[in-house]
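After this come two complexes, each holding chain A, first together with chain B and then together with chain C.
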Partner chain A sequence: MPITRLSLFNRIWAIMMKDGICEFRTRYAVSALLMFALISLASISMAIGAARLPEDLTAALLWILLFFCAMAGLSRVFVQEQESGTILALQIYGSGQAVLFGKLLFNTFMLLTLTVLIIPLFIVFLNIEIYHWSIFLLVLILGDIGIAAASTVTAAMVAKTQGKHALFTVMTFPILLPQFLSSISTTAKILMNVKPDVSDIMFMAAYNVVLMIASSILFDYLWYD
Partner chain B sequence: MYRDISVNLVDVSKKIGTRYLFTGINLVINAGQCLAITGPNGSGKSTLLKIIAGLNQPTTGAIQIISNNKQLDAEERRGSLGLISPEIILYADLTGYENILFFTRLCGIECNQQMIEEYCRRVGLANDKEQLVRTYSTGMRQRLKFALMLAIQPGLWLLDEPSSNLDADGKKLIAQMIGRGLEQNATIIIATNEPWEAEHADYKIELV
Partner chain C sequence: MRIVLSLWIMSVIYAVLYIVPPAEGLGNLVRIAFFHIPVAWVSVLAFLLSAGWSVQYLRTRDIQYDWKSSAAASLGLLFCLLATISGAIFAKLTWGAYWNWDPRQTSIFILLLIYGAYLVLRSSIQEEKDRAKVSAVYALLSFLTVPFLVFIIPRFYFSLHPEPVINSAGKLEMDMIMIYVLLAAVGACTALFWQCFSYMVQNKQKSF
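And now, the complex of A and B:
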């Protein structure tokens, strides 16, 4: 039968859709992310009571929450493949770049969905006011992409190791630190009703691009060697 | 016709711990030819297949996969072969149909519904293709791997114990598929202990 060749984008999309369908049917990662987020939010809310936190502390709490939610669920994209034994079939039939960017897209989608769900709760529980919504959303999107990019490549690195869950957090954090600090300071400015500089946003976007290029170069070694 | 692939094993050896599984394997297998690797359990049959697939590195020597007089790099090599092995596990949370659709797309091949139904029919899974793979028996999973092989149409077939877990009908089907694959120019390497599977072979390597 005649064969129609698909582009790299179609292959990336196939990986993302496969992960989406498997996740929809099992809900392992969604449950882990959501439960962690809700328990953390409830704990913070009960701990501070009716007190109003300083804006920089509120911003730090938001990004710490998102970071640890990611650590609770995003490693599954590779760890699950390793534990269920499907990684070998994926290695035989999938090109490194398609697998990396397919998994990255899926993780980004998961984290953005989680962010959409927890931001209203965060605003209500911590009694905060957002002054520059469009910039705030942009910072959230860029920060989530950064967390997803760093955690996807480190998940691939730790998937075959012992003690992978602890190692995943330990390896992701230093890679993400510049982006993490920038997300916190930019969010703090927004909460203080100070419009962030364009350079803050540009730094976050540029860091994501560098992360993705570095991941793309590194991943072929992980996948083929 | 399948893509023209030849496999060149150059002084290949593999050492695990202090023991050599095999040493000094030199062989050229051309398109349309079959190599059977036999030997007792633990002799290194599956390891040699994995080395040819590029999933494992030899201790010494090299594997050259050549297509149209060009040696394929790691990515091209993976794109030109199909591996059927007990270690290949398909997605339990996808249906048989979805597994084939996913893996063909991953290989960059667009398969329509009719094509996938035809591949499933050929391996006897026509009525089970919409079931989740987690509900399949081990024999059905093995048949699904062959349906995937038909869909991907690789030039190089690496078959590790291909008839394991199959009933008499399944074994007959696999024998027919191997025969047809060789007629259509596929290069086939089989690791087996079944004498009938080695019948197709032009070359044999017996590991000890």
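And now, the complex of A and C:
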């Protein structure tokens, strides 16, 4: 077999495609995430009935929903490798950075898919009006990237612990909190028909970049013994 | 050493109760501050030290640094809890509610969350080297959020918390006697922290 050296981009892509194919074969994470999102949304909607919620409360509910859905499924990228014993092979063949960013891309993709499915249902069930669609989509994308960036590195940390799933949420929340608070306040502005400031968007983007740089630096210590 | 420390703490308590004059506007409630400020200072110091030793551990992989980091973090959690409780009591007596998500309360609450998550993480990994590695990475990653919380949260809400002792103008707005007692209290608290810390680390070294 010829030895081929791939560029970093190709290696990241290979890891992502591998996860994508595994997911496509079992369809476990997608279906679990989707059902989880559906029951949470339905329970919110049933609980409030026909009452109209204030905009800031709706925004908070949307992000709490997205956060807990992410917590239900995103730890799988590393936990699955650990449980099936494939993590060792990945440690030998995949370089740390490629694994981190490949899994990060996969998680972002999963979360964006989930968001695309959730948002129409959310609008229908809670009867809300979105005024600035393009900014709303931008906020959703940035928020999803933030959740994926924080949870990918914590997923790698919890893979070796006992009681992985409860710990995953506990560990991700404090890291994500600055991003979480600004997503909620920006979404609330959009729902109230106020155009968010450029600085709100910039803060979210900057936090994502910082989170990715920090996880990229720290991940090598985690990945190699 | 221990006798000196206990004498020191007792004299600080005496000074706080009998020597410090009641403050304008706050009256006798100001005495809580002589407990609250040193404890809060120590919890931040412990957090810094814990992050510093985490860096040292990742660079050298010497297990001693991991013991230091975890001892500092568990003492930090204790002091952070004391600061939160004394702050909440002060808030009830002056603002009328124990808890109202004031920016300072939010940031100390997040500090509690981070410490709590760090210790739960430690307790859930059996293998010593894995535990040291993973918890060092987590301590550093969570340390990253602190500047963001300091800059972002005050933008959203306005704070009732009194200005820090040394405010932005750089001048001290306190009685001279209060400053001396406060400095002595901060010193006593830091020394107490250091005493407990070295006791914990020595215990670890003995059992190793």
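Definition applied: the second predicted complex is superposed on the first by the 221 of 225 C-alpha atoms of A that agree within 3 Å, B and C clash if a C-alpha of one lies under 4 Å from a C-alpha of the other, contacts with A are read in each partner's own complex, and residues count from 1 in each chain.
By definition in this document, contacts are C-beta pairs under 8 Å (C-beta built on N, C-alpha and C of every residue); 3 or more make two chains touch, one makes a residue touch a chain.
A quick note: this is a predicted structure, and the numbers were derived from the prediction, not measured.
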So, after the overlay on chain A, do chain B and chain C clash or fit? They fit
Looking at A:K160 after the superposition, I want to know if it touches chain B, chain C, both of them or none. Which is it: first, second, both, neither?
second
Pick one for A:F173: touches chain B only (first), chain C only (second), both, or neither.
second
Counting only touches as set out at the top, which of chain B and chain C does A:S185 meet: first, second, both, neither?
second
Does the superposition put A:I39 against chain B (first), chain C (second), both, or neither?
neither
What is the contact status of A:L218 with respect to chain B (first) and chain C (second): first, second, both, or neither?
second
Contacts for A:C22 in the overlay, against chain B (first) and chain C (second): which applies, first, second, both or neither?
first
Once the two complexes are aligned on their shared chain, state how close chain B comes to chain C by Cα atoms, in whole Å.
9
Contact residues of chain A, present in both the chain B and the chain C interface
225
Which residues of chain A touch chain B in the complex?
1, 3-7, 10-11, 14-15, 17-18, 21-22, 25-26, 84-86, 88-96, 98, 220, 224-225
Spell out the residues on chain A that touch chain C in their complex, using ranges where they run on.
153-154, 157-158, 160-163, 167, 170-171, 173-175, 177-178, 181-182, 185, 203, 207, 210-211, 214-215, 218, 221-222, 225
Going by the contact rule set out above, which residues of chain C touch chain A in the complex?
58, 110, 113-114, 116-117, 120-121, 124-127, 129-130, 133-134, 136-138, 140-142, 144-145, 148-149, 152-153, 156
What does chain B use to touch chain A in their complex?
53-55, 74-75, 78-79, 81-83, 85, 87-94, 98, 102-103, 105-110, 115, 118, 152-153
